[in-house]
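Shared chain: chain A. Partners: chain B in the first complex, chain C in the second.
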Partner chain A sequence: MVLEGFNRSWLGSNWSQHVLFGLTVLLSVGAAWGIPGFATTWNGQTLLIHGLPLVLLAVGLTLVLISGGIDLSITSVMALASVLGAKIMVDAGGGVPAVMLGLAAMIGVGVLVGAINGISVAVFRMPSFIATLTLMMLVSGAAILFTRSQKIAGLPDTFITTGQQLWLTGSLVLVLAFLVHLGLKKSIYGRWLYLVGLNRRAAEISGVPVKPVIVGVYIASGILAACGGVLLTASLETGDPVMGQNILLDVVGAAVLGGASLQGGKGSVWGAVCGVGFLVILGNCLVLMNVHYYYVTIVKGGVILAAAVLDTQRSTRA
Partner chain B sequence: MSPDLAPPIKMKYFVRLSLSVFIGGLLMFSGCSRESKPGAQKAVIGISFETLETEFWAAGLEALQQELRNRDIESVVSIADGDASRQLQHIRVFVSRGVDGIIMVPKDLHTSLPAIKTANAAGIPVVLFNRPAATHDDAHAVKVVADNRRLTQETVSYLIERAIDRGGKHLAMVVVGDLGDSNAVARRDGFYDAVTKHPEVISVVSEVPSEWTQEKARSGVTNALQANPEINFIFSSSDFLFPSIVAALRAADRYHPIGHPQHVILGGFDGDATAYKMLREGYLDATGVQDVYFEASQAVQAVLDMKAGKQVADEILDPGFVIHQDNLAEMAPRMWGAQVGP
Partner chain C sequence: MKTRPWFDAQGIRKSFFAREVLKGVDVAVSEGEVLGLVGENGAGKSTLMNILGGVLFPDVGHMEIDGQEYVPQSPRDAVRRGISFIHQELNLFHNLSIAENLAVADLPRRGRGWLGIDRRKLRAEAVDALQAVGLHLSPDLRLDQLSAGEKQLVEIAKAIRRRSRLIIYDEPTTSLAEPEIRRLFAIMADLKARGFAQIFISHQLTHVLEQCDRVQVLRDGEPTGMGPAADYSEQELVRLMVGRSMDQVFPGRKERKTGEVTLQVSGLTEPGLLENISFEARSGEVLGIAGLMGAGRTELLRVLFGVDHCERGSISLHGHEVSQWPLRRRVQAGMAFLTEDRRAEGLAMDGSIFDNSAAVVLPEFARPVTGLLEQKRLGIAVQKLSRRVKLTESATPDSPVHNLSGGNQQKVVLAKWLLNNPSVMLLDEPTRGVDVGAKFEIYGLINELVEQGNTILMVSSELEELMGMCDRILVLHGGGIRGQFHRDKFEFEQILRTAFGQEATES
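Here is the complex of A and B:
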């Protein structure tokens, strides 16, 4: 009976976040003890440089997963935002106004693509997988066409130096994540979102404005992806039309590891942050340990698979 | 507990056990890792590759590691899986490990500059293997690269000689790579250097952008063959795209050996195992071979010289060579694809 009670609480709504947080701490402590070079300020900065954009993407994707959908277009939003913003900054002379204009255009890309995704899913009732996959192809094609596959270098120093200030980018990510957390947990919109994800039909009957909720969540995902594009563009000092092409699995994995359910209705900002933290620290440890590339991929894939299996088990029990 | 819940609960224990074993294993592994390090006096070179997706990069990595082993130097290896941000992270990890030098295949011309700057700032010499980066005042790295443009020009010139031998006007297609990669640009330019000298023999009717992906190469070549069924001269900017090109040619019933009246003159670049097989079977006319062993040896020597404070040229060129039907037996022992293939 005691074990059964423990199991029930362990399988409660927040169990995966707590377990994941515990595993992340355990992994970090083990790595600090066993892996030379892990517990250093330099490596901490390395983890942040790599992890901060992923946090933004994972938080945005978690919102969409809670609504019962998925957003596969986030990396293409990053890429288009990156090249459009870079082009504007370079062509407009590189001063502060040019940087502001470029940043506005980058966020604008996120809003626009998010709105199209949201309308496709909410109004035209397209499956989110198809809608966002199609837009991913379209937006990626636009980014490549816009630059003819060329990277855009020579970005303004103001943008690069500001964008590489870890305290600033870290604070930005923290504020954005906290705002999303508040929106999810403390606002009526957050409750509507969970309800839509759990049962869209029931939400409609209950008077929840389902379509605006869904459109809003895709716009939020687009904005967060564009913000991730801002950070990566500053970090790489380049507008890149194929930016982030290979990180989608990491983002989906982090969101699922963090407890977001592929069936909808579950997920949290804290879980997404923990998911990114675990995957980034795990990847960092494996590279520091000189584990072969193929094993790195297998290990990360295995962890994400385990999370997906757990998600299925939780859904079966629900 | 109701009976119908039993299977999920068992599965849950299984997953939890798997996670525990995984974490435990990782911690044990990390403990072992620490014990193996103290007192190590060997030089350590970090090798950061952007990808391992083609035979060329796999052969390049193996050649570098073999060269380091021959010199009793330890290596740490990371693969960025096509992501520039991940490569930056890996270079920072190398810095935190205190490696003596870094040999790197950058993602592309520009996105690798922050990684090079990071290594430079830590006083770690950087050598770029087979792919250059953009020049920048704050990012210094020695490049060991094939002379892509000249070698492509020589290869295509050989193909043009075969076209002249056959007689008549030839309609040409060039399959280009990712134009964000300077190697792809140089190969495209080398192709045009050669064909523009012979407008009476070659007319370029199609330029297929592959972005270094098989899918885009196949669809591009298929479309080009449909639009221009008379194409009878194809140059691929990399041998690794041949499976796609051959598939498209077969589908159009245009894949015939040398000597067949409908043979499409075929040329490539790299010298991989597929190209070697096609040469042996008489389907490929010529390919420009990058001397991967020469490049590996030069890259290791350069990084050691830089570490020792010696002067090293900013660019070390691999002249490579053209292998074709007439010199196949003679040059095959120097072709890396002939060594790694089945």
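Here is the complex of A and C:
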């Protein structure tokens, strides 16, 4: 009986994610039936190209949200990684070693920014909102300065063609998401993370290595954001210093929609994936229906608000 | 003897989801009377008080105030009809002044109400109200500059200012030190003389019998006893609350053999908090730490465990100098620390029973590098411990701990530490906010642990508890050890005098 409870505890109370998943499927089926141009290969590819980087970002952000913080620097990490990687690939001659070097630099940006965020929050006890907001400004400023606001074109063909293989990038995202899921639900790090998010003091006194856990979470978020930058750079075929500047709120929205709480201690990879899926498909439907961009934003905002209200209702009643 | 009670409730019944929590309860209290209400956690006291306060509606039942029917629709109605609550967690704003707190629900306005607050009147009213509770403080002081006892008096002053006639105290003494408790009781006696009706809810049965004219006992939503306080003894009250006779408040002790020194402390000093503290504790021993609030009891435990640091001194655990070790390493070496503030530091309240129980011991069930947990083994271990601490069977491991009663929450904290097989346990107020039945079980567990060779350091504000449980008591005052008592020479008054700093004693 305890083992059963054990498993339930592991999965958490995630009925809202199942509801969200159901809604996403329902929306897709409805769109396939009612909106011409939705159920086409071309549109499917658009959805993936648009959605895959978002999934990586939302998964990373969810980790930070579980710890009780927020990471606003993720899109600036994408941008800096993008221009730095592109520059290195182009300057180093465009061969396979150059691509490898560029990729390493991109991931390096994620690690570095994540580590600074994590140390600010865990060791210097800065509010994560301020720590990551200031770093976002610094990093995106650096990205723009680095290229004098120019895009970097002429990326190596190997990078572009490989990075545009949707089956490849799709499985990469799938593997990364699954690894994070495994770590979160089945490993000691995941249990520690939830404990830190639920009550940092109690976790500290129970001997949980709180600071390393928090630093780790921001580094993970940075790496995932950098990976998102890799995918987006490949699909745009350029290094872009203002990459992803409009998607931060979509990412936060997707994570919240997926059940993560800004109070900490709640959230899951599956929820983040569903959140992204729902928002991307919803946006796509509206665009296909020729709804104006501004309305699309309003509708998305409304959906996220509704999810947040439902969530607080549920948790206050408990 | 009195004509008619000022407040009279008859046959109150209330069910939640088909579970009846109040099964026909009468409560009556007259002017100038103090009614003591006792019962275990979950006996229905809170529900009953919520009904009186207009937070909940009774399913059945009739209430009258001063002969007039009373059907509150909201807490505002209760206030309007003259009922005020003094809660455990006080309803005060720490960033406002005393005067503003007192009048927060109806600030005196200038002119016809749109011209702002009448500061002069606000202040004058506050001075009157503070005088009524004997609190000689400036009404301009901010609440966060007050002690716990003073805040409580402000709450009472608030009730008086609102012209309440019935004041209901919910566990008013738990966060107070002895002199503050005495001051509270003096105010209560004064209010009684001035004709206030009062209801006193407490787990401290000594206080109840001492302060109340009448007592009423609840068990599982049923009244099991009611009458003049003089007719009851503590044992009798416990029997009525628990439904079985409990000859002793403390479980029997087996013969104990103390072993080698497990914890040796010398010269522990942190300016302003701890002053040259030295002692040793042995395996198979319960060492009590007595003292008033602020004497350094909690600070001492926190330094020993590595939560807080201290300037000088050494701590030796099983012969290893640990004062420079981080907290984690001390846990691995067999230390455990049950904190006094369960909600803030003991438990992740929204986390499940399982997650909380496993919090300390996780590393022992994780595979190297990948960190993947051996879930089955961990599940079995947690289940075993839950049984050992006698955690309620009605809660599943995945339910959040905030649904549990105080006693069961404390058992989860104990289970969390016991899973790690500690050898030196620091217990800070282990039975605070815990009902009588669970208290007895926790005492039993402590005895069992000590018989198995554990060393237990126990801090408690209840001296009776320390005297019942400990082999030896150290008395702290002003951050230093002022006396030491052995079990055969425990004497209540002498320990208390030492705690008040009136004499230094060695026995």
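Note that the second predicted complex is superposed on the first by the 302 of 318 C-alpha atoms of A that agree within 3 Å, B and C clash if a C-alpha of one lies under 4 Å from a C-alpha of the other, contacts with A are read in each partner's own complex, and residues count from 1 in each chain.
Convention: a residue touches a chain if its C-beta (ideal position, glycine included) is under 8 Å from a C-beta of that chain, and two chains touch if they have at least 3 such contacts.
Bear in mind that the values here come from a model prediction, so they are computed numbers and not experimental data.
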Requested in this report: Quick one: classify A:Y189 as touching chain B (first), chain C (second), both or neither.
Outcome: second
Requested in this report: With the two complexes superposed on chain A, say which partner A:R201 touches: chain B (first), chain C (second), both, or neither.
Outcome: second
Query raised in the report: What is the contact status of A:G302 with respect to chain B (first) and chain C (second): first, second, both, or neither?
Result: first
Report task. Using the touch criterion from the header, give the chain among chain B and chain C with more contacted residues in chain A. Result -> B
Requested in this report: Using the touch definition from the top, say if A:T161 reaches chain B (first), chain C (second), both or neither.
Outcome: neither
Requested in this report: Have a look at where A:I49 lands relative to chain B and chain C in the superposition and call it first, second, both or neither.
Outcome: first
**Report entry** Partner chain in contact with A:S171 - chain B first, chain C second, else both or neither
**Finding:** neither
Query raised in the report: Between chain B (first) and chain C (second), which does A:Q313 come into contact with in this model arrangement: first, second, both, or neither?
Result: first
Report task. Using the superposition on A, tell me which residues of chain A are in contact with chain B and, in the other complex, with chain C. Result -> 7
Query raised in the report: Which bits of chain A are touching chain B when the two form their complex?
Result: 4, 7, 11, 23, 26-27, 30-31, 33-37, 40, 42-43, 45-46, 49-50, 53, 144, 148-151, 153, 232, 235-238, 240-247, 282-285, 287-293, 296-297, 299, 302-303, 306, 309-310, 313, 316-317
Report task. Would you tell me which residues of chain B are touching chain A in their complex? Result -> 1, 5, 8-9, 11-12, 15, 18-19, 22-23, 26-27, 29-31, 33-34, 37, 52, 76-79, 81-86, 88-90, 92-93, 95-98, 108-111, 113-114, 134, 178-180, 209, 211
Requested in this report: Please give the residue numbers of chain A that touch chain C in the complex, ascending.
Outcome: 1-3, 5-10, 182-183, 186-189, 191-192, 194-195, 198-199, 201-209, 265, 318
Query raised in the report: Where on chain C does chain A make contact in their complex?
Result: 305, 307, 327-328, 331-332, 337, 339, 344-352, 354-355, 358-360, 362-363, 365-366, 370-373, 375-376, 378-380, 382-383, 386, 396-398, 400, 416
